[in-house]
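Each of the next two complexes has chain A plus one other chain: chain B in the first, chain C in the second.
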Partner chain A sequence: MPSYTLLGQSALSGVFIGALYGLLGLGLTLSWGMLRQINLAHFALVFLGAYLTYQLGAAGMDPLVTLALIAPAFFLFGAALHLLLARFKVNALNTLLVTFGFMVMLESLIQWIWSADFRRLESHYGDVKWKVGELFVPLPELLTLALACGLALAVWAALRFTDLGKAMRATAEDAPIAAAFGVNEKLLSLLLSGLCAAFAAVAGMCLALSHTLAPSQIYAWIGVVFAVVMIGGLGNPLGPLVAGVVIGVSEGLTMAVTAPVWAPLVSFSLLIAALLLRPEKF
Partner chain B sequence: MRFVAAAIVLGAVPFLGLPAFYESFLYLVFHWVVLATSWNILSGYSGYFSFGHAAFFGIGVYTTAVLAGKLDWPFLWTLPFAAAVPALVGVALGAIIFRVRALRGELFALLTLAVTFVVSTLVLNTPVDGGPGVMLSAVSIPKLAPTVSGTFYLLSLVLALATVAIAYAVYHSRFGTGLFAIHDDEAVAEVMGVPTYRFKLAAFALSCALAGVAGGIYGVFVSYVTVGETFSGFVALYVILMAALGGTRHWLGPALGAAALTTLLYVFTTSDYAVAGRAAMGLIFILVILFLPQGLLGRFAHRKALPRRNAPIPSAAPSTKNMESILVVRDLSKAFKGVQALSHVELDVRRGEILGLVGPNGSGKSTLINLVSGHYPVDSGSIRFEGRELVGKAPHRIARAGIARTYQIPRPFPHLTVLENVALPPMFGQVVMDRAAAEAEAWRWLEFTGLAGKALLQPQHLNLHQRKFLELARALASRPKLLFLDEVLSGLTPSEMNEAIRLIRAIRDQGATIVFVEHVMRAVMELTDRVVVLTYGKNIAAGAPGDVMRDPLVITAYLGAAHA
Partner chain C sequence: MRFIWRAAALAAMTALLWSAHAQQPVRIGSTLALTGPLGSAGNIQKVSIEVYLDDLNSRGGLLGRKVEWLLKDDQSRPDLARTLYEQLATVDKVDLLMGPYGTASILSAMGVAQRYGKILIHNSFGTPRLAKYDMQFSASGGAGDPENVWPNLVFDAVATAPKPPKTVAIVTTKFPSAHFIALGAREVAKKRGLTEVLFLEYEFGNRDFGAIAARVKDAKPDFVFAGALGLDGVLLLDAMKKIDYQPPMHFYTFPAPGPMLKLPEAKNALALTTFEEHPPHTGNPQATQFIQGFRERAAKASLPSTSVDLLSTIAYASWQVLEAAVSGARSLDDKALAQWLRQNQVDTVMGRLSWQGTPEGPPNFVMGKDIYKVKQLQDGKWLVVWPQEFAAPGAKLIGP
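Now for the complex of A and B:
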């Protein structure tokens, strides 16, 4: 039996990685659940955001400041992608295929500019670490957790309490009916799609702060993030964060108690059990 | 014939003395043809998207790796096991997954994705692999062709041809029709007699087995297998992309998509501009999907109707109206989350009659039909049809016993033609027919309902009146003993209504017993022999139409109590 300190540290790092899963999943769950677009390009966008943060960081810019440049640019990209998908009335399955095409193109772009080698952002955030009791709390991860919680709660509250959010939910449920009640369905979808891409920029910055980057790593995140999105419930902004933390912590504890290699087995067995026992909850 | 000729030409390739490169390249093409086509048999045909094809492919790889690499079995002998093990895993998984009624496509996709992670973790951390991978270079390759690469070429060619032939056969068969119906509307398919659970399991098993064999061959071909390579996300992703590129509703679509994508990948990754090539591939992908959303073969995906051949008109069974009850419902109750839709309902339907089932909106008429047809489970009570209990039976068994229904809001299978829609129930009815016989039968009922001119269109091209008649034709085509008509007249114009009334009379004259649910009182009075009235889920009256309509309870139920 490992010590409590090790268990605590493992659980904490599980929370941190879970927050990153949740941050990556936020844009995906909104576009899948509310726009019926399964956006593989989201993963490539996250990495593009991370590389841009890395590049600007190398030029001496603070990662949080770079976000002010990258997020609006990504917003425009997301809106443009939506215009394309809406113009061709692409169905849910085919959005998966079209965005796969974009993912491959973005991956090529990244590899062309930054090569296939590993890159690591050096920032002053990376050196900051606090000791709380026996546990180490690194600043980049804490920032990720704060951003993940903040964004998820903000989106949740906006969807629930603002008129704009209510109109968006109505559009997601039944676009023609919402339009008949005077909701500007096209504009809202454009806005939402842009926001999802902007969230990719935020996730990208967090990724750059805490992880080493390589273009091939894009594919490594797809499986677990999709799982987090589906467990959390499509279209539910809090879902990916909660599911991400659950998976992250269960992975972390499994690694501490047994060998690291068993981690996926535990989290996905949990998922399968949950699906089979409570299918109505999903 | 063309198929055989192509097989012979392709089979001769290894004996031509071409450079081994061509054989290896074509091997890869065939490999992906098998994977994409096998994926499509479940996911394309029935619409249950699997993100876990890599799991079953990988189980096949490791079955052969263990048997041939570690236990020194002869390579070819391992292949049946490379098929059987994944198929068994698939069936075991399917037996659990497909029992969960609420499981929608997305959840199936997620579960299969999760299975990939679980299987790969198990393989990685047990003696099956253990981490370092399995070397298979010592496995002796049977000499089927002059060269080793030629042998792999021939093996994969045979498997690819077999897989495409299976996909072709399924596509044109009764089984395939059932899968396409599941794709469009699973609940209706089940009520029309399709054993949906068994069909999904069978398709899943077939799909897993073929992927497993491909895996068994592939493992020895690459001669060194690792968990990371075998279970990578690429397999799952590529098979979906290939099938979608070629067209999931065509038997040849995935094969074509596989050939195209494998070639593109190869050309671009081996060229001097590999990175630009990949980007170009992404662009091509986007353009194909935007401009050909049904895939390259999507336009040809409609199954050709067999040559038209009318079934002989059956000797109309004389309508033997008698006192014997064909359907006896006793003490039937059903609640939906506290709303008592039916309470202690009794119903007797006599052979050969037209029984009117009337009552205000929300009185439980449609619920009653849904219970008899098995669409909803019964809370309590009994439903006996020709003396046999129906409660607890699967809907397809009830259909097979000779009960058919129409839907108040027509629910045709949107991607099947009108002819295919009507030919479906006879394939799964009391007497199982093959596709040819069923289509002949369908033509008969299309003539009968005046839809023969629309037979080769999809239901979206029909107006409401034609859709209602399509519902009728579909219900009739199974030659039911007992037919439930759920508001077939609502929304029709007076002249269309007269036509419908004439049809219903003709149906009864062919010997069917009819339960006629309707709000149009003129039709009820004209057509029915007896009337049963429900209100708030309870029986309130039964008898001859004229008497019942004068019953003060019935008048109150419809018009409210007089306050004078």
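Now for the complex of A and C:
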């Protein structure tokens, strides 16, 4: 029987990795659910954000401060990408193909600039951790959890309680009707696309804080983050965080009590269960 | 008189043609994983081979002809490696083939080499028993039974620690070429009377090592044997650091050397090697030249680490083997080269290699012994600590 400390630490580790899943999934779920764009380039953007954080961090900038530069730049990139997709009227399925192309191009760009070698951000955050009872809480993971919760809640509240958010939801629901009520669908879509890309920058910063980077690692996250987005419900900002934590904790506990090789099965078993039990959500 | 003139003209023409042929470069084709998951290793090997080729061509090349290396990027994909080797053999019509990086791609290239009767010298084939082709030659320096040789080497090394381990935790990726070594370690540990307190397998590409680290900490082993490749070791150490755990002794099969060097928590980590940048390995002019050349080229290529290590050395050695075979056989004929290698030994920068196989082992692999050593990360440097005769001056295994 595993000790309570082992179970607790494994569950905590699951919460932290789940928060990162949620943060990675936030931009993806919004673009998929509200803009009908399945944006695979989001994963490459996350890594580009991580590499830029690494680069600026190596130049002496605080990783959190790097967001002041990276997030606005990504916002513009996201908006530009949306303009391109809208200009050519790319449908939802084809956005998958087009953005896959962008993902490959961004991966090549990352590799061209930083090579295929592993890169690791050395920051003072990495050395800070606290002991709570018998459990250890590292600062980079705690920051990721705080940012994931903060952003998910902020987006949820904005969509629910602000006029802008209501207009976005209305546009996602029925764009022509929303437009008839004076909603500027094009502008809102640009704004939302830019925000999704900016969220990728935040996820990238968190990734750089806690992980060693390699360009090919982009693909390692796609499966589980897609599962998180689908389980969480498309367009639901809180969904990926909740689903991510559920999957992360399930994987962590699976690794704690059985063979770790079983862990990857957990996320996809949960996805299949969700698809079977709530088909109307997809 | 006319006959003499004609004969002379014919002889002159033949000499001219022969001279033109002799001036044509020897074209050698291979792929490397320059991109994709193995890209980090592939780029190190590329730099190493370029250093060797600079030197080789400055010495006149092979059989008096310059050497031209046709390198293609297999993107770490065995399927693409197969296609590219087909191209090298049929479209590019290279004189010789050299192996790619990584077991799966080498296996793909081996199939192509066999189809066209080409010799294949490779340096990173992790599962020797899968090598069935009799014209493949490993220049990795590894035995035909690494699952037996390497765990014994490692357990011999840790037995020299001030307090030899009594318990072991074995944590391994399911990636085939590391997995069977870890399974071998289980057997060896059992035979040596060590108690296995934990055995864990995880999928290759695992992202979260938090729970695995917690289980290792919970098991309180004296020694952690990690069947880890590339980044796995770094991720496991990261996760251990986060829960304030440092294993008393820890070994990683083939870690990413650069990131490991920069990781404070990797202090005293053990790994396998064939060559490190210190005496007695550096005690010959060729090693010095190799180290110097690699440092310069690696810096230009912006590699994170400019130190020579296992990956760069086995690449360099594989081309030394090719040069020795061509010079020894005085031929570029694949069968002649294979025959020469079976009957001879080659002194490489990392030691003497031979291919006198035994009927029970895979072809051209020596069973039961090899040239591998155990290195330890001490004060930010990898130092060989075992066997004693290859240890860095004054270096001893640091343990509890």
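As a working rule, the second predicted complex is superposed on the first by the 275 of 282 C-alpha atoms of A that agree within 3 Å, B and C clash if a C-alpha of one lies under 4 Å from a C-alpha of the other, contacts with A are read in each partner's own complex, and residues count from 1 in each chain.
Quick note on the criterion: a contact is a pair of C-beta atoms (placed from the backbone, for glycine too) under 8 Å apart; a residue touches a chain by one contact, two chains touch by 3 or more.
These numbers come from a predicted model, not from an experiment.
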Query = Is A:S216 contacted by the first partner chain B, the second partner chain C, both or neither?
reply = second
Ask   = A:G22 contacts which: chain B (first), chain C (second), both, neither?
value = neither
Task = Would you check which partner chain A:F118 touches, where first means chain B only, second means chain C only, and both and neither mean what they say?
result = second
Inquiry  = Looking at A:T5, would you say it contacts chain B, chain C, both, or neither? Reply first, second, both or neither.
reply    = second
Query = For A:F88, is the partner it touches chain B (first), chain C (second), both, or none of the two (neither)?
reply = first
Message = If we overlay the two complexes on their shared chain A, which of chain B and chain C does A:L96 touch? Say first, second, both or neither.
response = first
Query = Regarding the shared-chain residue A:P63, is it in contact with chain B (first), chain C (second), both, or neither?
reply = neither
Ask   = What is the contact status of A:A256 with respect to chain B (first) and chain C (second): first, second, both, or neither?
value = second
Key: Which superposed partner A:P237 touches (first chain B, second chain C, both, neither)   = neither
Inquiry  = I'd like to check the shared interface: which positions of chain A are touched by both chain B and chain C across the two complexes?
reply    = 108, 111, 259, 261, 264
Key: chain A residues within the chain B interface of the complex   = 84, 88, 90-91, 93-94, 96-98, 100-105, 107-109, 111-112, 219, 222-223, 226-227, 230-231, 234, 259, 261-262, 264-265, 268-269, 271-272, 275-276, 279-280, 282
Residues on chain A engaged by chain C in the complex (per definition of touch) = 2-3, 5-6, 9-10, 12-14, 16-17, 108, 111, 115-120, 122, 129, 131, 136, 138, 141, 210-212, 214-216, 220-221, 224, 248, 251-256, 259-261, 263-264
Request  = Flag every residue of chain B that touches chain A in the complex, lowest number first.
outcome  = 49, 51, 96-97, 100, 102-103, 106-107, 109-111, 113-118, 120-122, 124-125, 232-234, 237, 240-241, 244-245, 275-276, 278-279, 281-286, 289-290, 293
Note = Residue set of chain C touching chain A in the complex reads 34-37, 39-40, 42-43, 76, 174, 200-203, 205-208, 210-212, 214-215, 217-218, 230-231, 234-235, 238-239, 242-244, 256, 258-259, 262-263, 301-304
